[in-house]
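There are two complexes below, and they share subunit A, which is joined by subunit B in the first and by subunit C in the second.
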Partner chain A sequence: MFSVFFAEILIKIAIRNLFSAKLKSLILGSFVFAGTILVVVGNSLLDSIDDSMSRSIVDSFSGHIQVYSDSAKDELSLFGGMIMGREDIGKIDDFAGIRNELLKIDNVLSVIPMGIDTALVQKANTIDVELAELRDAVRTNNKPKIQAKSRHIRRIVGLLEGELKNLDNVARTKDRQEDEEHIRRAASAVFWSDFSQDPLAALEFLENKIAPLSLESQDIFLRYIGTNIEAFKATFPLFEVVKGNAVPNGRRGFMFNDFIYETQIKHKVAVRIDTIKKARDEENRMLATDEELQQLVRQNVAQFKEVAFQLDDEETAMVRQHLKDKLNLGTDEQEFSIILQQFLEMNDDNFSIRERFFYEYITPHLALYAIPIGGTLTITGLTRAGYVRNVNVPVYGTFQFKSLEKSALSGGQNLMDMMTFRDLYGFGTADRVEENAEIKKEFGVVEVARENADEALFGGEDAAIVSDSATTGFDEFKNVDLQGAQRYTQALLERIYTSDEINTGVALNAAIMLKDPTRLDETVAVINRVSQEKNLGIQAVTWRAASGLVGQFITLVRAVLYVAIFIIFVVALVIINNSMVMATLERVREIGTMRAIGAQRGFVLWMLLVETAAISLFFGGVGAMAGSGLVLTLGQVGIPAGADILVFLFSGPRLYPFLAPIHLVIAFFVLLGVSVASTFYPALIAMRVTPLQAMQEEE
Partner chain B sequence: MIRLAQFFTAFSVLLSWIGPGFALSEVEMQQMLRTVDDRQRNGGDYKALCYIETKEKGKSDVVYDAVVYRRDIDDKLMILFLRPKTEQGKGYLRIDKNLWMYDPTVGKWERRTERERIGGTDSRRADFDESRLAEEYTPTYGGAEKLGKFGVHKIMLTAKDGVDVAFPVVHLWLDQTSGNVLKRQEFALSGRLMRTAYYPKWTKLFSESKNAEVWYPQEIRIYDEVEKNNSTVVLIREVDLRSLDANMFTKAWLESKSR
Partner chain C sequence: MNAIVTLNEVVKEYRLGSVVVPAVRGVTLAIDTGEFLSIAGPSGSGKTTLLNLIGCVDTATRGTVTVDGQNTATLSERALTDLRLHKLGFIFQSFNLIGVLNVFQNVEFPLLLLGNVSKVERTRRVEKIIEQVGLSEHIRHRPNELSGGQRQRVAIARALVTNPRIVLADEPTANLDSVTGDKIIQLMKHMNDNQDTTFIFSTHDPKVTRYADRVIRLKDGQIDDENGVPAKPLAVSA
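Coming up: the complex of A and B.
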């Protein structure tokens, strides 16, 4: 029925009509054009981001699959979940056994133990740090160090004295007067000349009376992954050491994520200068016009003490001389603190020179990082058993995930060896549990429920609340060895653990790398089935599910894109539909005439369909080509990651989108659907036109 | 001074007999608080063996055997953990407004705040320290009530300006007969109830340095009102009021015990 002849006629009519109403065709076409570009480019970008983000997550620390306890109360969320505090994801008691079972599954390449938790690190204030070092020197009778530290602390006391004098005299409270007296005493020559007579008493005075006047300590919460660091290095291709070294095989140790090290552990004044430099160099922001950068400069000027306190007399003299020689800042009469504040008052003209000066002449005298590489980090954690646990762990270096160094999201995790993690997380060993049980038994405290505590404690007939005691005293140290805990921890730090020892014991979760990542969902199902069959007590989830909100991000963006595309095409559909209805009404005579000379209703329907299809295919085709061209061009030049979050999503500083045939197929079907839907109603009107109506139309 | 305190206590007891609806004046309440403080204060030194047991839902119990040292004359306090083994040698030291914590396993001192949960339990520094209610809080009367079989005065306390305390608002239930604290509720500034503590047993011991009796709660039961499943019991097992070494309340002394 539908011959080539008819097709030729339909196409000719369609083309004639389209050219006879050029403006209308152009308006319709532009909607189709824009919609097609959005479909092609949007889908390409999203798939590219999905692909790169999966690299960011899978190759940094999640692996393709994560497993954790199937009795977990909360869902595993590698980047931190919605819960304030700690998620409770249960634990895998026998990691070694689970690992062996998982390695038997054919697509599993490797299994890495993990435990993610957050701990507290206290960055003490400068004077407390200096006093602790002086105390250490006194303990070891290190005379040169005692002298050097004394000089330094005396200088800090001098700065504090100056600061206290500059305070408003109106607010001279009793406490303030006492503080002034203490400062005067600590700054006096007599105090320091007498220091050697009773250094411990002098230290107690400085620690309790002087140091609180300069409290600038800061608590830092560090999120860390306890893991087998050797296996971690070998498994995750994005891992690379930035400063120092990786933790040696089998040793206890800690590695900072370089992002955290540079933003939280580094000296605050240096961090602010780095931030300004980055904003100027990479984002073309100017100090003169940028309120945020000006605020950083103001903070540096106000907190000049963070630099001044760390310089001893000799270093102060050196920096003072350099400031005068190199920057022509300050006179011999001026106080150093004033000159330092002048130096920190940076603007666009002097920033580059002063930034270089800061790193060349000042930072060598500062503790640039609160915890240096090679130093010891004291981490405080609350164990699962409830005890506050402090551990000392050597810091071997910093690491980053390749191309993601600027991403705060990937920069949030530090690395710790598995043994320290287990200590800090506090799974009680059998002997500890037994000891606690013995102590409890010794005292036999009877539990009283809170609901009826009033009555239970004070309601009984025998409730006597006062008794007499006639103790003669006691010796609390009888049969007690207080050195035990210290000996135990020192021995731990010296141990080298075998891979078997690291794998044996508790882990909270584990990362699995697959041989063939395309079989991800299938392998998750296999692991879950094996866990049920063998009663392993674990559940497997994909990297996307384990990434929590981060993993869902792309799904969210895709939903937003589809809603946008839907709206555009609904608008297009309405406009095309209206245009076609108008066109049909204008063409009643023509259609009626056609019907009179033998055109069937089907012919009329096809005529309109072909017209719409021609517009859709032409402009859609041009749109698809333009979209493809745009994607291919972007694929060559890349899209820069303007914000830190984009670095993570793009798996690097630029996204190189790719074009997949599926994107064009989707665009084709979307267009087809819109064309057919928008022609349906006008076609219905047109099909009802009869030759009689056409003849009744007025000229 | 002591006789005056005893007189006021007797007076308040007499008032409570007159009728439970009789409100205490501010002076009377201040006096009751001073009596509570004075009874627990020793003129000389104080040493107590304590047992702390904390229960948290889903976790094994935390237990400590500790010794508390006090030198009330210059407001010094020290807590040293004796058991279990992993906690041995850890300690807190309060000097003036500084609360220090020492951990021998890392060999470091850290500054802590008034809100520090001692050893991760529900107890605070103030639970072991001498009572400073009159010095730190301003009272208002909450009424006469019954607590079990005991008639009690309820007194609401608000922290004085500039005083650093763990809880800015405290409600006390004082035994009308003995004047002892039987129950204590502590609130955050927002008005949220944070802890409820009970003092069901009080013991008194003659102090030579004070030449009077020193009172101490033999048992403190603390219920965490935020984490409803958490509770802590503190037992003060034995008190020794003999003089302590002059150099005890120092970092050096505490460090030396575990070195």
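Coming up: the complex of A and C.
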């Protein structure tokens, strides 16, 4: 029944009707227009972000696929998961073996061992933590703990007392004298011998009078990836050294992420000055008007001690002289602390000069970085068995992921060699295996499997057996570090481990790079199947699944976008429906006349359908073109990443979105659906119109 | 005789709430091919209802209506629509042109519905009939640019363009002044003379009925008298 003739007249009538009600058509059209732009632009942006973000993640450290133990209690989450504290992702006992099996799989290019963990770095004010624990011990009346904690706090107070002596000839204010008295009191033997008589009062004194005097900042939690640094360097294209060098091949060593190094390890006053400089230079913000920048200046003035405490008499005199000569500060005989505070009181007029002065005349006397490159970092880690372990590791340099340097998210990971990681985590390394062998030899230890231990110990013939369960990684003896600092002698740090030694042993997870990334899901399936068949005990997940919330981010945003699009089109649908009902009621006579002349009901239905479809497709088409144009223009110009998180998502300072034709197809079908749905009810009304209604007289 | 329409004891009742209102109360009638027939009578006498029954836009409550040999009571809605399209033409009191279409398109509309007439043929037929009703100069005008008489001419052209067997006109002159109305009836009569088309029109205007070959007078839904003689113009007072 539907013919070319029909089509012709339907389109003719539809277009005439649309033109005869221009305003209505425009209003309807603008909804469809906006909705289509949203569909096209939104989806294109999300796809582009997804693409660039995947580059950020895959090429920095996740690889295409991550594998980890299939008996893991938690899911692998490279950026830190939802669980507070650390996830238990199990471990891969024999990384070398797993690596060999994985490399046999056709699409696997390389396999990099990893262990991601968080540890404390001691640069920090431990007094608050210790006091809290002491209070806890007092509350539970835990005598040994009270003793231990008291000793620790007493030692910190002693350090503070020593600090005071260095400052004798500097700040001698009334407050200072009081502080001194407090510290001397807290350091006295009497204070501690009386502690047990009224521990709560003593604690209150320590918390209120002593803790605030400590100038140190909080402990830094460092998230690090233990890995084969040489292989890491070769595998991840975004990796680049910023300061110092990469850890030499096979050596133990640590590399800071430059972002962490510049924001957390650097001297706080310098960081604040850097922040102000960046805000002024790159974001055109002014000290005079920007509350946040003013706050930074106030903090610097208030914490002038951060600078003052690091200067000795001679350096103080030098800086003082320079301040007088170059900046004309402190001409009359003021106290140095006051002059320093005046110096730190920066404004828009003097900032540039003072920033240069700071780096030229003051920072040479400061420890600009709390942990210098070439220095040694003491990392306090928690082994899996729950023991605290300190490890010293040399810092070779800093690195960044190319074009992601400003992103805090990608800047969250530091790098560590695999050996140090295993030590920190409490797993055997080549050194420990050797050492254990020596101990066994010395004591004549016999290997006894765990399940036979009872029999061996009590029912067996041998008199004394020490079970060494090195293979389980839970040997409590290993965690009692009898030899202490000797272990990390210069010799150990200079030892060069072979690639085999690095690969042999435990890893927590491993990154896999693929030859053909488009076969990602397929390869994940292959790895999981191989693991089952050969009983490898590992599971493979895509980089997206492995990056936890970050990986889900796009899915989340896409859901939000779809909800927005859905709402727009529901509104459009209701409006179109309404106006079509109105239009139909206005056109009852016309429709009746058509029916009388001989138009079938189907004709009336098609007439309305074509009319809505014409609006939808025309404005949708214009919207799709405008959207495509916008995306293509943005693809040329790029969208600047305003915030740190965007740098990561955009995989660089600008996002260059691309247009995928699929979104135009989606937009087309969405529009078609909306037009049909919105015509349904008015069409029902129109089809009920009888020819008789044409005969009725008007008015 | 060759009856194109026959009505046999036709009754049409409308239901208004619980009240049954009879509009046509037992009409028996035969209309011959080519007749120029007027149905006359005062308002509410059942003229429009009778036309609707003949025009297949309504069906009888009782009795049979036969149009071109088909009993309309036995036809489906779709078949009735088809019958209207192929066999009938309609002229309305208020012209009922499609406002968004111009003169040409309005007249072309039923040909498009037929679906099997080529563009060339359509153009030829539409232009010819528009010429016959004297509107060639206004062929691209919209209905709102035309006078009442011109609009009714377009309606006549639209009703005739498919070469229907019957043209039904419900009070075609009621919305026109007497001079224009007269011209419209003359045009209809002219078309009737030149073709084999049967014209059935209702009116309460005695001046109009004089052109009719036969006048059916209705009163309270029944035929008052059927003398078959055109009423003399001034013999009946309004």
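Keep in mind that, in the parts below, the second predicted complex is superposed on the first by the 539 of 699 C-alpha atoms of A that agree within 3 Å, B and C clash if a C-alpha of one lies under 4 Å from a C-alpha of the other, contacts with A are read in each partner's own complex, and residues count from 1 in each chain.
Note that a residue touches a chain if its C-beta (ideal position, glycine included) is under 8 Å from a C-beta of that chain, and two chains touch if they have at least 3 such contacts.
In this text, all values refer to a predicted model and were calculated from it rather than measured experimentally.
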{"item": "First, second, both or neither for A:F6, with subunit B first and subunit C second", "value": "second"}
{"item": "Touch count on subunit A, higher of subunit B and subunit C", "value": "B"}
{"item": "First, second, both or neither for A:N208, with subunit B first and subunit C second", "value": "first"}
{"item": "Touching partner for A:V388 - first (subunit B), second (subunit C), both, neither", "value": "first"}
{"item": "Partner chain(s) touched by A:N17 [first = subunit B, second = subunit C, both, neither]", "value": "second"}
{"item": "Subunit B versus subunit C as contact partner of A:R135, first or second or both or neither", "value": "first"}
{"item": "First, second, both or neither for A:P661, with subunit B first and subunit C second", "value": "neither"}
{"item": "Set intersection of subunit A contacts, subunit C complex versus subunit B complex", "value": "none"}
{"item": "Residues of subunit A touching subunit B in the complex", "value": "122, 124, 128, 132, 135, 200-201, 203-204, 207-209, 212, 215, 217, 378, 380, 382-388, 390-392, 428, 432-433, 435-436, 439-440, 443, 445, 447-448, 450, 453-455, 457-461, 463, 465-471, 473-474, 476-477, 480-486, 488-489"}
{"item": "Residue ranges of subunit C in contact with subunit A within the complex", "value": "48, 52, 55, 57-58, 77-78, 81-82, 84-86, 88, 90, 92-94, 96, 98-101, 105, 109-110, 112-115, 117, 158, 170"}
{"item": "Interface residues, subunit A side, partner subunit C - complex", "value": "1, 3, 5-6, 8-9, 12-13, 16-17, 19-20, 589-590, 593-601, 603, 690-692, 694-695, 697-698"}
{"item": "Touch list for subunit B against partner subunit A, complex", "value": "47, 49, 51, 53-56, 59-63, 65, 67, 80, 82-90, 95-98, 103-111, 119-121, 147-150, 175, 178, 180, 182-183, 196, 198-206, 218, 221, 223, 228, 231, 233, 235, 238-240, 242, 250-252, 257-259"}
